[in-house]
Structure formats: structure tokens, C-alpha cells
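Lettered A, B, C and D in written order, each chain numbered from 1.
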Amino acid sequence: MKQISQEKLDHIVKESMPFTRTGKVATYIPELSKANADALGIWIYDVNGETIHAGDVDTRFTIQSVSKVVTLIYALEAYGEEVFTRIGVEQTADAFNSIIKLETRNNGKPLNPLINAGAIATTSFIIEKEGKDGFIKLSNFLRKLAQNESIAVNMSVYESEQRTGDTNRALAYFQKGVKTFSASVEDVLETYFKTCSLEVQAKDLAQIARVIANNGLNPETDEQLFSAQTARMTKAIMSTCGMYDSSGHFALHVGIPSKSGVGGGIMSVVPGKFGIGIIGPALDDKGNSAAGVELLSRLSKEYSLSIFG
Amino acid sequence: MKQISQEKLDHIVKESMPFTRTGKVATYIPELSKANADALGIWIYDVNGETIHAGDVDTRFTIQSVSKVVTLIYALEAYGEEVFTRIGVEQTADAFNSIIKLETRNNGKPLNPLINAGAIATTSFIIEKEGKDGFIKLSNFLRKLAQNESIAVNMSVYESEQRTGDTNRALAYFQKGVKTFSASVEDVLETYFKTCSLEVQAKDLAQIARVIANNGLNPETDEQLFSAQTARMTKAIMSTCGMYDSSGHFALHVGIPSKSGVGGGIMSVVPGKFGIGIIGPALDDKGNSAAGVELLSRLSKEYSLSIFG
Amino acid sequence: MKQISQEKLDHIVKESMPFTRTGKVATYIPELSKANADALGIWIYDVNGETIHAGDVDTRFTIQSVSKVVTLIYALEAYGEEVFTRIGVEQTADAFNSIIKLETRNNGKPLNPLINAGAIATTSFIIEKEGKDGFIKLSNFLRKLAQNESIAVNMSVYESEQRTGDTNRALAYFQKGVKTFSASVEDVLETYFKTCSLEVQAKDLAQIARVIANNGLNPETDEQLFSAQTARMTKAIMSTCGMYDSSGHFALHVGIPSKSGVGGGIMSVVPGKFGIGIIGPALDDKGNSAAGVELLSRLSKEYSLSIFG
Amino acid sequence: MKQISQEKLDHIVKESMPFTRTGKVATYIPELSKANADALGIWIYDVNGETIHAGDVDTRFTIQSVSKVVTLIYALEAYGEEVFTRIGVEQTADAFNSIIKLETRNNGKPLNPLINAGAIATTSFIIEKEGKDGFIKLSNFLRKLAQNESIAVNMSVYESEQRTGDTNRALAYFQKGVKTFSASVEDVLETYFKTCSLEVQAKDLAQIARVIANNGLNPETDEQLFSAQTARMTKAIMSTCGMYDSSGHFALHVGIPSKSGVGGGIMSVVPGKFGIGIIGPALDDKGNSAAGVELLSRLSKEYSLSIFG
């Protein structure tokens, strides 16, 4: 790749590796606790299709909250700004699974689509519009963005989520109770949990991110997968809300629109330049990949990738 | 009855009647909206068994949150103060169905057993200990306290609660999610909703209240239905938490340990003297019977019934 | 005294003494940290004037939040229920100096007159009505209730409060900012801090409590110091709000309307029977005298003093 | 100017003008209510010094919260990232003058430097380091950035702020009370209020913004007024927190790092390209210039100025 050298990338991954030990693998879904805490890998596509990678990029992991970006893109493309009648676009200063603001602000309208309450609301939109086909359409869209037909639900993670996802059930039932949505809670959660349980690799996240970086255009096929306006909105929301309640800290120190998931993945978009996928299952106390954030911070500094200059 | 004259009681009911128009029948459970907004009735037993009543005492209504007192008594008798490892005893300053304090205080331990979150937690205790028999035992206990074998679940209200009780589901799943309890949420809610849907008359509430007023002793059969200590604790909790977030206001202006329900019932205990049951389905903005509170306020002033002198 | 034996009272104090070690002397006002953490004493008057005491009753201490009861009585007598247009009567589930509910509930109307925000609001009422004479009138009223002309401000505590009372300043300025009151914040705080800094002994609190227990009538002089209605309201508010956010727990286990202060004092009212003053400077984590609460719990059980039977 | 035509800019201002009627001039500081609600003007500098303007650019107004950006830049330059030990960088989902998060999150560390609590904390830093000279140094720095020696405090606004700034006093005393800072509250507030009361024109904001857009370098004098790193951090924080609790909405629809003030000013930074100053005193319900936001939205769309592509 023109800008990023293999040697430097290897070096940055190596320097970031010790930070895996500052985090912990997620345990609140039992299946997630089996992940390899020491893994760290990065895959980068530039918008012209060139690629580079370093570290443990073969690691498979469930996409978890990174999927919230794809759910958002799908909904924006399908239904336009009507989505924002149900979901806000402001950062939360509470935890990723907090229920408080549903009660105290906007009467059940979640703060943004990249926290659990908000992604559940976006999913409810899709279920109300598409019915039971919602998940098939959404997951097919994700496969198309990732250019990988083989992406599938990890059923043991999905079942683990279904069994133990009580806090997400609370978020969904609360919204149903205050009429944020009308769809069946169990239908919404089935799609929400399945989407979170899609198994991917760093490369897949990098492919999706590249399309966002390229304003919705698949540079290889010249197919416009979603509109430039949707791409712009997505980057804005990732930038302000993508890293939970440390989104501001991340903007300050990294400045690359990103979304993390508790499976250890981070998807990052360098507008006009790169799509990046990272895997590092050991999480910091905000729920973001500890070494992944370090890696992005070093990469951003080394190559001046911050959108803030 | 020695102390309370029929003439005065009729007068107080008549004076309180216009206050039915300051309230509204509950609508959040569709079945409840069918209640007669104009009804107002009161039934009083003294601890020696004498009785007096006035107004629409034939009205049938679902017990709703008044049942929380019986659930509490049952749990205290069966499991003692272990109950308070799971549920607090402090008044809430939030709405009766608020979820906020579950997140911000005590990590999922509800504030007290007389708000929705707390009664769900008490019910979970019963389900964990008794299994599926929980509801049978609990409802039998209630029938015994009320000396009325014919009390039964109003199935159309129950089904309405099951269909529309999403906020209560949120409260239950949130507590399950933070490990406040381990029982099945659906089992807990089935018992919770059924208990709320028991159909009673003012007379039944008066009977139950009389036993509490008489320190757990059924004065007619001389049977100790629950301990004096349980009776004392119950009166204390009713006094501080029984009227939702206007419990303090009610203590100031009425001063009789009471518990209200959204079916329009109020159960009131004048220690050592009276058990009182009231029905008045039109509710004030806190969820308490509007005319019922007025009636109790006048009765308390007329006969100096406040426990605060 | 008829009911309470010296021997038993000595025994109860001795049994409660070890609980001084479970608490800590208040340090947030530097002067308070000089108190004797091991002290524990109780003074009891019955309504007929007989008296009994045990433990370290010579200890002098500043009245602190116990004064909030006297401020409330003064305001109720002088201005009637207009007081409740400015201050609520509901228990808080937040800390004694919390500012949250001022913003989230009732737009700046504090929850009740026995937490800091509420007592500041009651004091603002007095300042607006009486001007600079407010403190003189209020403290003279307190001296009269205590039948002790020598009660005076401990100036080093007062100055310590003025210097370090920033959280109370925040509570006052917030209320001023949302127009809860119009008086000068500094005038209000001067009176508030001076009232808190009045130096008393257990005996003084017992005298004041006896008048409340006797419905406002000084039994020795037959002077009605305040109305029976004010006495009733005061007992109700002490019962639901007097022990900060453990008021419910205290109602359950003690059941005597009481008010604590961070100086280690507790003032307790057994309606129709006793006025009680306690000193025990070591505080539990709610800000109540640790050994004092234990002592009251034992006394209540031994002599069945709970108003809840 | 190369990119922006006078004709189009005039047209955009004209199209945005009706939105002045959707907002209201700030009234919480009495002096602010005298502003001209119908005014709307914009001044743009490109980084090479070319300039263009439209609308009521002669209007004078107090800088208010726009000054928070300059206070932040000053503090970052003088003390580096130590600033972030005292102040966070996360967006608030509460109102601009909310006190809640000071109590519930991080024990008194304000969420970010662009809300009132945070700017007070930044100012406290300056006062602790510089003493009474703090304001002189800070305001001189602002004059230098604006290249306008004549900028001065509007004394009647300053006195109005001092007289009525009780909510800001509450925010300051609360932070002092929990030891967020040690400086004198009155010294901190004097500087805070004076900084807010500096009187500027749209042109001044555009000058300051241009230096930020140019990474701290004054393009005319080639003087590095602050570091590129400070410029980057400032743009990141403006982007995530600059428009109060509608910062996310603004990022989505405008995408230009900006900061608003209740005087009606908005300062906007198009990285590498433009510095923009806007005046429009009629505010929306979040406290941002109603027509100013509209104007920026149209300008951003017309010239593709969003940093999100």
C-alpha cells in the first residue's frame, strides 16, 4: 500500500500487543469468555483495493456491536431520515447498556443508534417494515458490504445471547412499554441477537469500512451500495457515538470514525482513504478493545489519520 | 360501631364524592379503563368485628398493587428478614414504575417492596422458594386473610396485563440481568400479574387490614395468621412507602398506614382499631384513588386517626 | 420514671457502646473531627417532666441537622402550610446533600425540609419574612423549646461551616437560580450555618422532643408553644424523612420519629410519652449516629416504643 | 474568495433569515434580552486571508460560551494534557447548565470543557496557575487570536451575569465542595463571567476560527499562536461537544466543528479552509442560534464542508 508500510504496521502491532493485558475478555455472555485474550490483529484496505495486514488476522469473532453500523446504514437506505423519529443522534454519557436516559429524556427515544437501546430501536424499525424477513435482508446486506458470502451466525453465541440477554430484554420491553415501537419484542431481539452473533474476521470489517470510506461505492465493482449521504451520516454518528461513553476521548486521541464491539472487533473509517478492521478480544472498562484502541492511536499519530487534522 | 357513626360516614363519603371528578380511571391496562369512574365506597371493620360501610361497596375491582402488602406479609412470614437482602425499605421519589434507581442505587436492589420493581423482587423470592406452587400458596394466604374463599383471578384483566405489561417486563428483566434474582422472569411475572388481577371488594381489603391492625391475630377465630413483628414491619413500610411518591404527603395529611392500587382500591390500617377498604377507580396523577385519598383525609381528621397524633 | 428503669437503660447504653467503633466522626467540617468518637449518652424526659439518663450526657455538641426540625416548626407556626409551596414532604433516596432532585423533580423544589436543600429553603422563607432578625427569632424559639437560655452558637464550628460549606452553597445558589427563593443566598446561609452551629447537650434535645411528644404543650408551664397540628405534621415528616436515606430502614427497626445530625445528635419523639436526646458522634455511612441508632433500636424493642405497634 | 461566491452567500443568508423567528433571544441574563432578535450575519476568512461576509455583520454581541474554546486553547497550550485530569471530553446528554453529572459521574469532574461546569473548571485551572492575572492573560490571548486589540468587557452584561449567575455559582461551589478545584470560587467566576462578557463581532470569531483551521498558525504573520496538536484537540472537542446536547444532531446535518454562545454567536472551523463567525441572537431550545444553525447547514451542503465527507 502506498502510504502504510508493512514494517511500520508490524512494529505498531508489536508495540500495542502488551495492552492486551490491560483489558479483559467479555464474560457477560458466557460464550464470549472463550475468546483468546492475547490476540491482536489489523487488516487495512485502501479505497483502491490495495491491502495490508498484521497480527492475528485469522481470528474469528462475533461482530457484536460493530453490526450496529450496518443496521443503521440498512435502515437509512431503506427508510431515510424517518429513522431519526425513533432514535436520537446524541452521545450518551452513561454505560453502553444503560436504561436511565430512556426514562429521563425524550420518553423512550434512545439517545443514538450505536448503543444497545438505540440499535434495538433501529432493529424494531426493520422488523416492522420487513417482518420476519428482516434478518435475512439485513444479513444479506452485511455480506454484500463485506464481499463475503460465507458470513454466518455463530449459533452457540446466539443461543448464549438469547439465554442471558436479560438487560437487552429490559431495554426492549421498556421501549415497547412506552410505545417507542410496536413490533414484537421477541422478534426484534431474535434479529438483534442474531445480527450480533454473525461471525467475522478483521478482513470483513475492513471491507465494510472501505465502502463507507469510499462514500458507499464499491471501488472494485463500481456499484453504489448505499448513498453518499448515508455514508456521511454514518461517519458522523460513528465519530460522536461509536466508542460508547469514551467516544469523546477517542475523538481526541485517535480521531478516526470507529465502532467497537464486545467481541473485540473495531471497524474504523478513514474518509477517502482506508477501511480498517481490528480484532483484540481483551476489553477496557468501557467495553472497547484495549489493545485495539492503542493500535489505532499509534496508527493515527504515525500517519496523521485524524479527521480533526 | 362504637366510634364511627353511620351518619357521619355517609356525610364524609358524600363530601368526598366530587373528588372522583378530579381523577381519571387507569388506562394503561386496557381492561382497567372499563371501571366506573364515579364510584366511591368504604368498608370499615373494627378489630372486634363490628362493621360499618358507606357508598358503592358492591363494586368489584382488581386488587392490583394493594396485593403487594399481602405478598410482603407472605414473604416475611415464610422467609423472615432474608427478604431484605433482595429488597430495600426506602421510599422512592420516582414514579411507581420507574427503572432508574435499579441502575443507579444498590445495583438492581429495588428501593422497597411496595413499588412495582420491589414487588416483582418479592414475588421472585416466592417463586424461587415455592416453584410453580407460589401463586396457589400466595393467593390462598390472601383468601384466608380476607376470609373470602371466592376471591379469584379476573382472567380478562390478567390477560390484559400479560399482553400490555411491557414496563413491568422491563423491570423484571433488568433485575434478572443484574442477578437480583435467578427465577424465570416469565414465571415471576405470571404470578405477579395474577396476584394483581385478583378481584375483590372493599370489604375484602377491610378484612385484611383488620388483621394487620390487630397485629396478625384474627379476632374472631383467635388464630395468629402472621406474627406481630411482621404486622409491625408491614405497617412501617405501608406508612413510608404505601402511596408511591406521595407517601410523605399522605403521612402528613392522613397519617394512616395505607396501600393503594391502580384498580382504585386503598387498604388502610388504623393500628389497634380499624381495618379499612376503599374503592374509587378515578386516580390522581400519582396513581392513588383521588376521592379515596380525600375520604381518608376527612375521616382521619374527623376521628383523629393519624398515627402521628 | 414509671416505665423505664435506670438499670435497664444503663445496660442498653453499655450494650450499644461497642457500636461507636462501627462509625466515624464527621470530618467534612474540620471542627467536627475533634469530637470524641467513643462518647454515647441518652437523656429521656417523659411528658410529665420526670427524667432519666445514662452515658456521656455532659458532652456538648453542635445541633447540626437536628435543628432542621425546629426550623420547620418555626416556619409552620409562623406561615402555615404556605411552607409546602416551596418544599415537598417526600423522602429522598439520595444522599443528604444531593443536588440531583433539585434539577430533575419539581424544578428546584426540594424533596423535604429535613435534608440540606430543604432546610435551606425553609430558612430562605424565614429570611424573606423576617429579614436579618430571622436568626435571632429562630434561635430564641429553639432556646424556649429547650428551656435553656444559655444555648449559643459555637463560633469556631460556624466559621468552619462558612469556610467549607461549598456544597451547601451549591444547593442554595441552585435554588436561587431556579427562583425557588428570592432572599440573598449569603443571608440564608449565614442563618442556616449559625442554626447548625448551636451548641447543645442531649438534655436539650430531649426537652424539645418532649414538647413535640406532648403536642406542642410545655407540660410544666402549660404554655402551648406550637399547635397540635404542627406537632402532628412534624412527627409525620420526622417519621418519613428524619434519618436521611435510611429513614425507611429506621422506621422498620425502630419506629420512633427521629432526626439525626452530623454532630452525632439524635432527637426522638415517642408520641404522648417521651422526648429523647442522644449524643454519639461516630456516624454510620448515612450520616446517622451509629451507636445512637443501635441504642434506639434496643430501647424501642425493650419497651415497645414503635409507633407501628 | 475562491470557493464561496458573494451571490450565493447572500442568497443563503436570505433563505435562513426566516429562521430567526423560530428562536428567542436569551433572557436569563437580563442584559442579553436587549439583543436584536432579527439580526443574522456571517463573516468568513479563508486560511489565506481572503474574506467574504453577508448580513448584519456590524452587530456587536458578547462572546458568551464561544469563549470556552479560547479558554480551552489557552489552558492546553499553557498546561498541556494535565487539563484533562480535571475535565473530561465526553458529550453531555443533559442541558448546558446541568449539575447532575457532577454528582453521578466521576465525582465532580465535569463531562467536557465546552459546557458551563467544564469551562468553570478550566478557568479554575488558569486562576490556580496565574492568580489574579488569569483574566488579563486569557483576554490578551483572545485579542491576539482575533487580531483585534479593541475587544473589551461589556460591563453592563458582566454585572448582569454577576448579579444573576446563580446557577453558575451552584456549578462552581459544587465543584469546589468535591475538591475538583481549590481556587476561590469568586475569583474563578469573576474571570468566567468577564470572559463571557467580552464584546465581539462576527469578524472576530472568524479570525479566531481561521487560526484553528490553519492548525494554530496565523497565516498573515506566520506566527504559530498555538500548536497543531492543540488545534487538533480543539477541533475534536468542538465537533463532539460544541453545540451542547444537540452536538450529535449538528454533526449529522452540518459536520463543521463549531461552538455556540447564548449571545447568538457561532464560531465554526472548516479544517484547512475557513474560519467562520456568525451572529444571530434568536436561540433554539438548546441554546444555539436558530438561524445560525440553519445558515451553517445550508452552507455546508452547498459547498460540501462537512468533515464527514
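Keep this in mind: a contact is a pair of C-beta atoms (placed from the backbone, for glycine too) under 8 Å apart; a residue touches a chain by one contact, two chains touch by 3 or more.
This one's a predicted model, so the numbers in the text were calculated from it and none came from an experiment.
Asker: Trace the shortest sequence of touching chains from chain A to chain C and report its length in steps.
Answerer: 2
Asker: What chains do chain B and chain C have as common neighbours?
Answerer: Correct list: empty, since no chain touches both.
Asker: So what's the Cα centroid distance for chain A and chain D, whole Å?
Answerer: Distance between chain centres, rounded to whole Å: 32 Å.
Asker: Rounded to the nearest whole Å, what is the centre-to-centre distance of chain C and chain D, using the mean of the C-alpha atoms as each centre?
Answerer: 46
Asker: Between chain B and chain D, what's the gap in Å when you average each chain's C-alpha atoms?
Answerer: 54
Asker: Going by the touch rule set out above, which residues of chain B reach two or more other chains?
Answerer: 104 - these are the residues of chain B that touch more than one other chain.
Asker: Among the chains present, which pairs are found to touch?
Answerer: Chains touch in the following pairs: A-B, A-D, B-C, C-D.
Asker: Which stretch or stretches of chain A touch chain D in the complex?
Answerer: The touching residues are 88-94, 101, 105, 111-112, 215, 228, 231-233, 235-237, 239-241, 245-249, 251-252, 255, 257, 271-272, 306-309.
Asker: List the residues on chain A that touch chain B in their complex, please.
Answerer: Result: residues 98-100, 102-104, 165-174, 176-178, 185 of chain A touch chain B.
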